[in-house]
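Pasting the structures in now, so scroll down.
Common to both upcoming complexes is chain A, partnered first by chain B, then by chain C.
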Partner chain A sequence: MRKIRKIEEKFFKIISQLATYSLVAILGYIIFVIFKNGFSSLSWEMVSEIPSGGYYYGGDGGVLNAIIGSLYIALGATLIAIIIGVPAALFINSHLMQRKRSQNTIRYILDALWGIPSIVYGAFGFTLMIYLGLSASLLAGILTVSFLITPIVIRSFDDVLSTIPRGLYEASFSLGSTRTETAVKVLLKQGFSGFITAVLLAFGRGIGDAASVLFTAGYTDNLPGNLDEPAATLPLAIFFQLGSPIPEVRQRAYAAAAILTLIILIISLSSRFVSRKYQKKALKF
Partner chain B sequence: MRLKRLLYNRFGEIWMLSAITIILLFPLVIGIALFIKSDSIVSSYSLAELLFSSEWLPSEGKFGFLPFIISSIYVTILAFAFSVPICLLTAIYLSEYAPKRLTVFMQTVIDILAGIPSVVYGMWGILVIVPFVGETLAPMFGVKSHGYSILSGGMVLAVMCIPYILSMLIETFKTVPNGLKEASLSMGATRWETIKHSILKKGRPGIISAFGLGLAKAFGETLAVMMVVGNVVNITANPFDSGYPLPALIANNYGEMLSIPMYDSALMFAAFLLLIVILFINLFFRYFIYKSQKI
Partner chain C sequence: MIITLNDTIMKEEKIQLDFAEKLDFETKNKQIPENPAVTISNLNVWASKHHILKNVELKIPKNKITVLLGPSGCGKTTLLKSLNRLTDLDKELYVSGNIFINDEEILHAKKDIPEIRRKMGLLSQKPYPLPVSIYKNMTYGFKLKGIRDKKLINYNVELRLKEVGLWEEVKDRLHSSPDKLSIGQQQRLCLARGLTVKPHIILADEPTSALDPTSSKIIEDLFKKMKNQYTIIVVTHVLRQAHRLADNVVFMSDGEIFEQGSPNKLFKNPETQELKKYLVDGN
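== the complex of A and B ==
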C-alpha cells in the first residue's frame, strides 16, 4: 500500500516535470526552426529595400514596405488604444472605487471583448470601412487594430492598478485632491510599470496580427505616404509569400518571419525589463 | 486657481467616462453591425438551412455552413485533446513542485509563446507539422495524406492554446488557500494526494473555465489553422483529410466576396456566428469563475 503511494507520487512528479520541460523544448524548437530558415536568407537588402518589379518571381528587393507599414499600423493603433484605454482603466480604479459591482461588471465585459477573435474584428472593420466610404487603407487598418488592442491595454493596465493599496487613495483624497487628480497624479505614477507593460503587450499584438488587417489595410509594394493609401504589413507579407510556388520567394517569407519574431522577442523581453525597473521606483507599503 | 482645478477635474471625468462608455458599447456595436450585414442572407434562407445544409456553392446561391462548422469543431476538439494534459501537468508542476526560479523562467517562456504571431505559428506548422503528419504519422496509420489536414490544424492550434490555458490554470492554482494544502500534508498525504484530493477539487471551477475559454480561443483562431488545414470543403471523420474551418472561410474569400450576390452577406453571417458562439462561451465561463470565487 505504501509502496503504491510512493510510486504514484514519483510517477506524477516525473511526468509533470516532463510536461514542463517539453514546453521549453517546443518554444526552443519553434524559435530554432524560424531562425534557422530565416537567417540563411536574411540580408541587408531584405530590410532596406522595397520590392522591385520582378520581386514576386524571385527578383531583387526586400520587405521594407511591410516593415514600415506594420510599424505605422501598430504605432497608430497603440496611440488610439492609449487615448481610450488609459483613461478607461483609470476610471475603473478611481471613480468606481467604491462600486465593486460595476467594477466587476466592466471587467467581465472587457474580458469577454479580449476573447473575441481578430477575424471578427477584421470583418467588423471591413463593414465599418464600407459604411464610412473608405477603401482599404492605412487608416482603416489602424482603426481595426485599435479595436483589437484597446481591451488588452485596459485590462492589463487595470490588473496592475487594482493592486494599488487603498491607503494611497485615502492619503490623496485627504490632502484635498479631486478624483481626477488622484487618477492622474497618483494612480498613473504608481502603476507606471503596468502602463508600460500594457502598451508593449498591445503593440506586440498589433504588429503580429494578420487576420484583422487582411480586409482593411490592403497591400502595396510602395511605402505608405498617407493615411488613405493602402499599406503592406509583415504578417501578410509572410502569408502571401509562403503561398508562392517559387522557392526564392518562400525563402523571403522565412526571412520576414525571422524579422517579425525578432521584433516580438525584443518587445516581450524589454517589457519585462522595463516593468521590473519601474516596479522598483513605485512606493512600497 | 480653483476654477482651473475644477475644469481639469471636469475635463478628465468627461474624457474617462466617454472612453469607458465607448468600450462598453463596443461588443453591442460589433454584434449589430455584423447582424445588419448578414440580414440579407438570414432573411432569404431559413436558419436551419444555413446551419445544417452541407451544400456550399455560392455562385449557384447555395450556402450551407455545415462543413465549416464541423471542421471548426473537429479542429478545436483535437487541439483541446492535445493541449489539456500538457497544460494541467505543467500547471501542477509549476505551482506545487517547481523551485521559484523555474517558475519565474517559465513565466517568460509562457509570455513569449503567447506573443508569437499566428502567422509565425502557421509557418512553423508548414515547415514542421505538415511534413511530420504527411510523411511520418499518416504512413504509420496506413493512410495517404499530403499533410495539410485537420490533424495538422489541431496540433498547431494546440501549441497556440497552451500559453493561454496554462496562465489561467496557474492563476487558479494560486487562489487555492495554503492552509488547505498544509492541512492535507499534515494528515500524512503525499504531495500528489494533496493535489488530487484538495487542489484539483478546490480549483475545479477555475480549471473547467480555463478549458472552456481555451476552447473559445481555439475556435476563433484564423491564420495559423488556415495555413495548415488544407481548406477543402468536405465533411469527414478522418483527421488526415483536409478541412475548412469557419474563420478560414472568412479570411480566404474576402477578395471575391463582392462579385457574387449574397456572398459578402454569407461571410458576415459566418463572422456573426463566430462572434455569438465565442462571446457566449466567454460570458458563460467568466461568470462561472466570478461565482465560484465568491463562495
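== the complex of A and C ==
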C-alpha cells in the first residue's frame, strides 16, 4: 500500500512538472522564434517611420502607423473598460453582496461574454458602426475593443474582490461606512493588485486582437490624426505582411510581432512597478 | 517623586481633555450620553427554514461585561450581529422582534444604519485591519464623519492607541502597514480603531480565539478597564474566560437563552440541564 502511494506521488509529480515546464518551454520557444526571425528586420526605421509607397513589396518605411494605431486603440479601449468595469466589479461585490443569485447571474453572463470569439465582437461593432453612420475609424475600433475587454476587466477584478473576507466588510461597516464608502475606500485598495492584473489582461487582449479591429478600425498607412480616421493596428500589420510572397516582407512581420510582444512586456512590467510603488505610497497619508 | 510624576501626567491629561472639549469633538450637545442598556425583546432569526434564534428576551446592563456563553453554532454570533444590524448583510436571514438601545428601537428602524452601527464597536474573532497604514486605520472613522482637523485627529489617534496600550509600540511606525504587527497588536489596533467613533457598546465576537495567552490577557484586562466607559458584550465558548471576565453571563444553547446571571450564580448553581452538561463538558 505504501509503495503504491509512493508511485502515485511520483507519477503525479512528474505529470505536473512536465505540464509546467513544457508550458514555459513553449512560451520561451514562441518568443525565441519571433525575436530570431524578427531581429534581422528590426531597426530604428521600422519603429519610427510609416510605410512608404512600396513598403509591402519590400520598399522603405516601418510600422509606426500600426504601433501608434494599436496603442491608441488599446489604451482608449482599456480606459473605457476601466471606467465601466471598475464600478461594475465594485457594485457586484458591495451592493449585491447579499444577493447571491443576482451576483451569480451577472458573473455567468460576463463569463459568457468573455468567451465570445472576437470576430463576433468585430461583426457586432461593424453592425453598430453602420447603425450609427460611422465609417471604419479609430473611434469604432476603440469602441469595439472596449466591448471585447470590458467583461475581462470586470470578471478578473471581481475574482479578486470576491476573495476579500467578510470580516473586512464588517469592520468597515461597523465603523459607520456605507456600502459605497466601503467599496471605494476598502475594496478598491484591498483588491488593487487584482485591478492591475485585470487591466493588464484586458490591455494585452485588446492590443493583440486582430478580428475585432478588422472591419471596425480599418487600415491605413498614415498615422491616425482624428477619432474618425481609420487606424492601422499591429496584429493586422503582421497579418498583411505574413501573407506576402516576398521573404523580406514576411521577415518584417516577425519584427512587428516582436514589437507587439515588447510593448506588452513593457506595459506589464511598468504597471507592476507603478502598482508596487503606489501600494507603498498609499499606506501613507 | 512618583506621585509628582503622576500628578504631572494627570494634569497633562486634563489639559488634553479640555482641549478636546473645546473643539467640541463629537456630540453637538456637550453632555456625555449615558451608556445605554440593551433590551432585546422577542427576537427571532431564521435562515430559510432554520430557526437560529428563538424568542430571545434579554436585558444587558450598562457598564458591565456581559458574556454570551454557549456551544458553537448556538446563535451567539447571530445575536451579536443582530445588535448592529450586520444581519442585514445576509438576505437569507429573516429577523423579527425588537432591540432597544437607550429606549431607541434599532432593529426595524429605517434610520441611518451606519449611524446605528457606529454606536457599537465590533471586534471580531480575527483582527481585520483595513488595507491602509496604522494611522489611516485610526483615522478612517473620522474621515467618514467629515472631520478634517488634523490636530484633533492626531490627538485622538494617540489617545485611543494609548487606551489600548499600543501607542508606545506603534508610535514610530504609524505610517507603515498594520500587517507587520503581531496578531495581538492587530486586534488591539482594531479595538482602538473602533473606539475612535466613540461607540457606546463594544461587541466582541470571540475576540481572543486567534490570540496567544499573553495577548488574550491584554485584551481581557482592557475590557475590564474599559467597562466603566462602555457596555461590553463578549461572545465566547470558553468557560474560564467567561469566569474571568463576566459581570453577567447569558447561557445560550440551540438558539435559546437558558440562564443568565452572575458567573458565581450560574457556574456554582446551574439550574438547567443544558448548562449543567455544558459545565461538565467544559471542565
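One rule holds in what follows: the second predicted complex is superposed on the first by the 243 of 285 C-alpha atoms of A that agree within 3 Å, B and C clash if a C-alpha of one lies under 4 Å from a C-alpha of the other, contacts with A are read in each partner's own complex, and residues count from 1 in each chain.
Convention: a contact is a pair of C-beta atoms (placed from the backbone, for glycine too) under 8 Å apart; a residue touches a chain by one contact, two chains touch by 3 or more.
What you see is a predicted model; the values in this text were computed from it and never measured.
Aligning the two structures on chain A places chain B and chain C side by side, free of any clash.
Looking at the shared chain after the overlay, A:Ile7 reaches neither chain B nor chain C.
Once the two structures are superposed, chain B and chain C can be ranked by residues of chain A touched, with B on top. In the superposed model, A:Tyr169 lies in contact with chain C only, and not with chain B. Applying the stated contact rule after C-alpha superposition, one finds that A:Lys189 touches chain C and leaves chain B untouched.
Look at A:Leu79: by the touch rule set out above, it reaches neither chain B nor chain C.
By the touch criterion stated above, A:Leu265 is placed in contact with chain B alone, chain C being left untouched. Applying the stated contact rule after C-alpha superposition, one finds that A:Asp111 touches chain B and leaves chain C untouched. Once chain A of one complex is fitted onto chain A of the other, the partner contacts of A:Thr178 extend to both chain B and chain C.
Touch criterion met: A:Gln98 reaches chain C, while chain B stays clear of it. Annotation: superposed on chain A, chain B and chain C show a minimal Cα-Cα gap of 7 Å. Residue overlap on chain A between its contacts with chain B in one complex and with chain C in the other: 178, 181. Across the complex, chain C is touched by residues 97-100, 165, 167-178, 181, 185-186, 189-190, 192, 282-285 of chain A. Those residues of chain A that touch chain B in the shared complex are 5-6, 8-9, 12-13, 15-20, 22-24, 26-27, 29-30, 33-34, 37, 83-85, 87-88, 90-92, 94-95, 104, 106, 108-113, 115-124, 126-128, 131, 147, 150-151, 154, 178-181, 183-184, 201, 204-205, 207-211, 214-215, 235-236, 238-239, 242, 253-254, 257, 260-261, 264-265, 267-269, 272. Contact residues of chain C toward chain A in the complex are 84, 86, 88-91, 114-115, 117-118, 120-122, 124-126, 128-133, 135-136, 140-141, 144-145, 175-177, 190, 193-194, 196-197, 203.
Here chain B touches chain A in the complex through residues 5, 8-9, 11-13, 15-17, 19-20, 22-24, 26-27, 30, 33-34, 37, 85-86, 89-90, 92-94, 97-98, 102, 106, 108-113, 115-124, 126-128, 159, 162, 166, 190-193, 195, 213, 216-217, 219-223, 227, 247, 250-251, 254, 267-268, 271, 274-275, 278-279, 281-283, 286-287, 290, going by the rule given at the top.
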